[in-house]
Structures are given as C-alpha cells and as structure tokens.
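One structure, pasted below without further comment.
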Amino acid sequence: MDAQFVYQNLYDLFYMLVFPGLLFLIAFALFAEYVDRKLHARLQHRVGPPWFQPLADVIKLAAKEEMTPRLADRRMFLMAPLVALAATATAFLYIPTWKSDIRYHFEGDLILVLYMLTVPTVTFFLGGWYSRSVYSMIGAARAVMQLFAYEVPLFLCILGPALLANTWSISKMAAFYQVHPAFAALNILGLGVCLVALLGKLERVPFDIPEAETEIVAGSFTEYSGRLLAMLRLTIDLETIVGAALIAAVFLPFGLGLPAAAGFAVYLVKLLAVVCVLTVMRSIMARLRIDQMINLCWKVAAPLGVAQVLIDLVAKGYLPRGYLQ
Amino acid sequence: MEESLSVQSELMKSFSGVVGNIRVPRPRRIFAQVPYDRFAEVFENIVERMGFSILCAITALDGGAFIEIIYHLARPSGVVLNLSTSVPKDRPVVKTISGRFPAADLYEREMVDLMGVQVEGLPPGNRYPLPDDWPAGQYPLRKDWKRPETATPDKANQEQRHV
Amino acid sequence: MFEGESVQVPVGPQHPALKEPTSFMLTLQGEKILQIAVRLGYNHRGIEKACEERTYVQGIYLIERICGICSHSHATCFVQAVEEIVGIQAPPRAQYIRTIVAELERIHSHLLWLGVAGHEVGFDTLLMYSWRDREIVMDLLALLTGNRVNYGINTFGGVRRDISPEQKADIFTRLNALEERTKYYVSVATQETTLINRLRNVGVLSPADAVRMGAVGPTARASSVDRDIRRDDPYLAYGEIPFKVITADCNDVYGRTLVRVGELMESYKMIRHALEHLPDGPIAVKAPRKVPAGEALGRYEAPRGEDVHYVRGNGTEKPDRVKVRAPTLANVQAVAKMLEDRYLADLPIVVAAIDPCFSCTDRLTEVRRADGPSSVLHWEQLRQYGIEWHRRHGIDFSKLNNSFRCPEDH
Amino acid sequence: MKRPGRMLAEVLRSALRKPATVLYPFVKILMPEHFRGRLHFIPEKCIGCKLCMRDCPANAIQIIKVADKQFRCEVDLARCIYCAQCVDSCPRKALEASREFELAQLQRKDLFMRESPDPSKVSAPASEQPKTESAKSEPAPANKPANG
C-alpha cells in the first residue's frame, strides 16, 4: 500500500468523523441547542440552563435504562434513531462550510442533501408507528402529514436559487453566489419560506404538532427512552445545524473564501444567527393545528415558493448571459 | 325578601298539605319539604312553572331510618329553594332528574356511590367518585359506615410518628 | 390515517395536558373525536366525610384544602354557611377584607388560567409571562394573609388578619402594575393570529346548551348567560361594591378568554373601591364553638364559577353534614358537548377553558385493600433496582448516597 | 389588528432585562412579616390548657407535661399544615409562627419539632426524668398518652 493511499483514507476518516464531520457537528449542535434554550429562556424572562446542559442531558439519557414496548416491532424501533442520526450526519458532509470547494461534492448533491434531510422524518414515522402506542401512532401520522406540507415549499425555494446558479450542487451554488452576491438579494423571499419550512422540519412551535406535548405526550418519541431517546434528541439538534448550514450556504453566501480562521468564525455566526431566528419565531407563537398548518403551507408558503422560482427564472432570462457563467 | 316570601305563599297556595315546613330564614333562601310520593309532581311544577331553572346541587343526608335528599334549585334572580324529600333507608330508590338537568348525572352518581341511594333511569356511564373495585354495599357517607381496617399508608406513618 | 377505523386514545389519568388526574377516553377517527367518556374521582379524598369527624374550626382548614387555587372560595363559602346557622355576622371590616382577598384570589386564578391556556396551545411564552406577573398577586396574598396559597384568613365571625395602612398602599401600587400587564395580555389575546386561530370557534357551547348543561362561571358567561352570584345573590361586601358582570357572545374558548381578562380588569377596580371604602371597626366577633341545629346553603362566585356548600349542624362541635359542589362538577358535563366533532388537538384547550379543578370536584382517598395485588415499587425496591441495573452496566452506585437511605420509610 | 408575532417587541425587550427568576437557594427570599412558617414554642408562657391540641386540624401538636407547670411541645412537622390556628387558639401566646419555611429533611424522623423548657429550671417529677433539648438522645415516647 502506498503512503498516499493511506494518507487519503486517514484524511477521509478524519474529515468524516472528526472535523468538520461527526464530532464537530455534534459539539456544535449541542452548543446550538444551548444557544437555543438559553435564548428561549431569556426571551421568556427566565434564566435558562448552564452551557453544559445539552451534553449533560445526552449523558444522562445514555445512562438510563432503555425500554421497548412489548407490542413494538423491536427491529424497526431500534433502527429508527440510528438511521435518522446517520442520515443527518451524512447530509452535513455535502454542505459547504466557509469555503465553497469542499471535499465531497458532485453535480446533484443538493438533491441528495434534501432527501437525506427527509430521512429523519420518515424514520420518526417508522419508529413511532412500530412502537405501537396510540400517541406514537398519531404523532407518526402527523409527522408524515406535516412532511407533505412543508417539503414542497422548501424544495421550491431551494430550486429557485439553484436554477439561477444553473447547478444542482450546493458547493457550486455557493461558489456562484460568492461571485455574484447581489443575486442573493433575489432569494430573500425563499429565505423566509425556508425558515418557516425548517421550523416544520425541526418540529418546533408553531409546527411542533407531531410531538405536541399537551395533546399526544411526545408523539413518535413517547415510547423511547435511554440511549435511543438520546439519539433522537441528538438527531434533532444535528438537523438544526444541517438545516441552518443549508440555508446559510444557499441564501447567505457571505464570508466564503476568507482565510480559514475568519471564515470559520463567520460561518459559525451565520449558523447561530439562523438558530436564533428560529428561536425567536418559536417564542412568539402558539402551536397551530394540523389542518391550519397544512392550509398555511399550501395556501401561503407553496405559492411563495412558486413565486421564488418565477423570480429566478425571469432573472435568469433577462440578465446578460455573461453573468451566469 | 319579598320575592322569597311570595314564593313561600305561592308554595303554600299551590301545594297546601303536600309541601310542608316552608321556612324563609333569610332573603333568597327557602327551605321546604315534600314526601317522595308527591315529589315528581311538585318538582316538575317548581322547575317548569315557578322558574327555578338552575340546579345548584343535590345533597343526600343520612337521617337514621331514612335518607334525606335535598334538591337545591335556584332562580336566575338568586332565590334558592331547597326542596327536601326522604326515602326509607332500607329501600332508598329515587327517579333520576338527569333528563331535565343533564348536570344532575354526576350529582346523582355521587349519591349512588357515597350514600347508597338507587337512582332509576340513570344513563349508562362510569361510576363517580369511588374506584371501580370499591367493594359493593360500602357507602362511606352513611353514619353507620365503618372504615375497613386496612394497611393504608397513613397508618404506617402513624406508627413512625415518634421514631 | 386510520381511514374508516376508530382508535381509543386515553387522555389521563396521567397525561401532560392535565396536571390533575382525571380520564377522558376518546374514540378518534383520524384526528376527529367521535366519542368521549369522562371518568372522574381519581382525586376523591373523602373531605365531606372527614368534615363530619372534625370540629368546625378544624373544618375550615380542611375545606380550605379542597383546592389550592380557590381555597378562599371554599373556606368563605363554608364559613358563611356556618355563620348563618349560628346567627352571627362578621363585622363590616371583616367582610371587606374577605372580599379583597376573594378578588385577589380571582386575579391569581385567572392569571394562572391564562398561562395554562397558553401552555395548552403550545404558547409557552405567554405561560411564563402571565405566571411571572401572577407572582405579584401571590406575594400580595402572602403579605396580607401569611401564605401564598391556603390563606387561612377566615375564621368564624370574621378574619384573622387586619390590613394595615402600609399594606393598603402596597396593594395600590402592585395593582397598578398588574392592571398594566393585564391590558397587555388583552392586546395579545385579541391580536396574536396563531393564538386566535387556536381559540376562535373552538369548544363552542351555545347559550341554550350552557343553560341546559348547567354551566357556571366564565364558561357560562362566555355563552352570554348573564349569571354571577356576586350580583344575583350578594354576599360579603359585594352588595356595596359596584362592578360589571362581564359576558361575551362568542360561545367559544376565545370568549372565555375575553371574559376572564375582562373580569381581571373589574377585579382591580373592585379591590381599589373596597380599599378606599374599608370600614373601621373590629375584624372579628366571638363565635361559639358549638353550632346549633340548623341548616344553611352558602353560594359563592369562585373564579371558576358558582361554588355551593350545604352545612347542617346538630348542636355539637361537629357538623352533621357538609356538602360541597365545586364549580368544575357543574361544568364538566358541558365539555363533552363542546368537543363533539372537534379535533384531538382541541381537547387540551377546551378542557382547560372551563378552568377545571379536579381536586375540587373529587373529594376520598383510595382505601387500598391489604390483600390486593400491588405492582407498586417501594422506595427501597426502586433504589435497589436502579443500583442493580447500573451494576450490570458497569457502574456501582451502591457505595454512594447512603445518606439518602430512608430505612424507616418502607 | 391581527398579526402573528404580536409579542415580538416584548420578548426582545425581556432578553435584555435581568431575568425574573430568583436563583434560589443562592438567593433567599425573606417571607413577609406575618408568614405562617415553622412554629415556635415559648415554654414559660404555656399553661397546659391544650386548646392548641383541640383545634389543630392535622393533629400535629402535642403538649406534654414534664413537671409542675412545665410543658414540652412536640410538633410533627410532616403533619403540620402551617395554618397557625394553634397560635390563634393559644390564650397566652405561647406559640408563634416564624418565617422559617425551609423545612425539608432527608429522614422522616428529623421532621419533628420538640421544644422543651430549659432543663435547669425543671424540677424533675417523680414519674419522669428531665428532658434534654436533643431529640436523638431521648428515648422515643411512641404514641404515649398526651400528658405523658
């Protein structure tokens, strides 16, 4: 085996598992959860948790006994959290960080990331459904119903910028908007809709319908405990970061190409800004009912998504060709 | 006070010899008694004709050889008529009034559970307020009811009081 | 989902929507409620029976503990009924102090409700804010009565604590702060879209149904049923204090919210009026320990609706019979009506909208049969199980926390 | 006007203010003057009339004669409901409610208040040894009749 090959593989492993892969992602996700909870508390005029609370929660859950309901399909019940965690972590590898040329990218990785981000919702559904508790089953059904409502606006809003950038690769999109930052202004509408859709994806107020505590206890997660629940909680945290990173890469192409330290700082700030916006949004609203949520998504968010696509198409048609290369 | 007194005189006029012991101890409170065999007719009249359209509560009391049941009926104006009737303790059977007052359903179930009054015509439903495995024939609010000797947590505490 | 097929979903006796044990067994088709069966009684503590075994003075404190929120309501209702049998009247100053505490209690109960309503629809910020502001009135109650709940201000023949001039000034300042906050909540409740979406046309109870089902309090008044015991059957100082009875014609949860915040605004005015016109004089008259034979019915407009106490004395120190009808017992029948053909998601807020208090409603402790099967793990067993489980997973806790052992407690 | 996010301004303002939470137990709140907390017994004033025992709704208080005109007071703090009726019932103000409210204990036996008269002033009766302040050194008088 030649040294180059070994080095390549080691670097791949490091990239995937440590930085900017899994380990960094988990650390940053836990920090983002802290920011979210602390800000939420301060917005509510409370003190909020100390910085280590999210990590402490994971450790505590991991140390607890796991229980599987007698009626549950044990294999599906156990697999759901693992698959969800893996899919989310994988999606992260294809999203540009503070530079647009990252290690893993190919033409079409946008589609891959979007579907990887759908996987957790589907696994939540499966995990909930196969745990055979009424609350979980209702939560699971609601999660899928909600998925159909927010996915279309989300996809439409990312489709628009992609059309304008003339690529299906997130890295190339980021590179395009890095060269033409003014074009990002065209996508503001999409940014708004994406943030709303992300609230739906993360199942947060006002779209925490699938896990509405006062109605169905914890929805799909009702029967989960111990390590499995820790994994599910972690998945949601990772999803927050991956979603924020996706939004940052597509809609906020600032600070790309800066030197590593400055670029990294800008990158973190961007992601935390998205997290904070989500926190403020969940602080000031009541939970909607599933029918209201679907109405909102199809009657308001989806048309806005179509409008975003139209804006980008028109821009693409009318702007001089030279810009778009 | 005038309204209460006029109700009193109306009761005396309409049901002389049936409704007895009519007292007005203070404004807006009337107490009256009726034997159970004439109860349905008097009750109907008071509710439908005299305007006592609000059911405040139903109280069942252990009166020794009989069980006294008081229907607390009110007018929107604030006057309350406490119509009392009694049934023998060895055969305490009354007819339900939940047809007229749906809220009476729970008040009557309470009488059934705690005082052992049988209420005829009660719609099917959960018992209230005692647990489903409560032993039959135990009516806690009766004066002759004895608390069964059991190992309740309270008793354990009692024993540890002076450790 | 579940097309054509129905599922049974238990809500309670242990469920995050209800902080007290009661059970709603729902039959759902999809998200729609087909049927609802209510089971009450989980909280029955036998207070009525216990009252018969205690003296009247002891009874006040027992009755006060029927409910933590409307403790003053129950205690005052009971005390008034007993005073009526004895034939004494609390002096005017005592009546006013009772009224002031009663209205403060209404403020604290309604602010609590507002927070709970917010929580039930996932609006936790509203919960945190209204409960923060509720602390103002809780502190005020502690200042006046000596405790935040279970005020213990009543005694037969009067009250136990007087209001000093400094306290009076303190109440005025704090009321101003509360009034300002309440105005803000009115604006939030009438303007926040997501909140209105969850409240409007939810839990509809027509005026005719409200009367028929015997609804009381804000639940009835939100369906344009103009009933309020404070006005219809005046007690305490209510005959002398001007106030408006707030009603709404929305018939839904939104209307119940408006009625409650409207009542908050009225309560501030009433307390100010009562403090300004607080009569001088003694705060209590001597009451005999033995209560003559006789009966009386007390009615009281508790924050949740009409509270009814029937007391019969038999010439001894102990009552012959005490009967309590808490407001929730009158309202709970209407819940099934309100939920007909509604969604599962509406259940928490519709149930919360009657401001239920199941500890008021139920009043016996479960007599556990000594021979019965028991799946209850005692503290020591639970602790042992935990230690075993962790030891199997490589951590030995048995050396730690010996100070937490309570060997005498099993 | 109906709009989503009505509380936005208030919420953002709150974030800049000091939180309303009191950081108990690092910060203690002083209860108001007339708070009904843990009871205190003043042995010199007690005349042993036992009115407090008669009125106690929770059956938590015991007045025990230790010597001639000397009384000891025992309160089961786990039973006490802090209504302070005994304070009102006492004709000589031998009982008072304090502002103490932090009464939690790890063991039930510590939830027990025993306030005796100063042992030096107690002339020991024939039937009973003088009592000391310490609850632990004492033999447990399990459910003895009230006048011990």
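Every chain is named by a letter (A, B, C and D) in the order it is written, and numbering of its residues begins at 1.
Quick note on the criterion: a contact is a pair of C-beta atoms (placed from the backbone, for glycine too) under 8 Å apart; a residue touches a chain by one contact, two chains touch by 3 or more.
If you're wondering where the values come from, they're calculated on a predicted model, not measured in any experiment.
In this assembly, the chain whose C-alpha centre lies farthest from chain B is A. When each chain is reduced to the mean of its CA atoms, the one lying nearest the mean of all protein CA atoms is C.
Distance from the chain B centre to the chain C centre is 24 Å, each centre being the mean of its Cα atoms.
Rounded to whole angstrom units, the spacing between the C-alpha centres of chain A and chain C is 43.
One simple way to say how far apart two chains are is to compare their mean CA positions; for chain A and chain B this gives 62 Å. One simple way to say how far apart two chains are is to compare their mean CA positions; for chain A and chain D this gives 55 Å. Among the residues of chain D, those in touch with two or more other chains are 4-7, 11, 20, 108-109. Residue positions of chain C touching 2 or more other chains, listed in rising order: 125-126, 129, 132, 192, 194, 408-409. The set of chain A residues that touch two or more partner chains comprises 43-46, 283-285.
Remark: chain D residues 4-8, 11-12, 14-15, 17, 19-21, 23 touch chain A in the complex. Residues of chain D that touch chain C in their complex: 1-7, 10-11, 20, 31-32, 34-36, 54-58, 81-85, 88-89, 97, 106-109. For chain A in complex with chain D, the residues that touch the partner chain are 39, 41-48, 280-281, 283-285.
Chain C meets chain A in the complex at residues 1-2, 7-10, 15-17, 28, 31, 118-126, 128-129, 132, 192, 194-195, 197-198, 343-348, 389-390, 393, 395.
Within the complex formed with chain D, the chain C residues making contact are 54-55, 57-62, 64-65, 125-126, 129, 132, 135, 139, 142-143, 145-147, 150, 152, 155, 160-161, 184, 187-188, 191-194, 196, 403-404, 406, 408-409.
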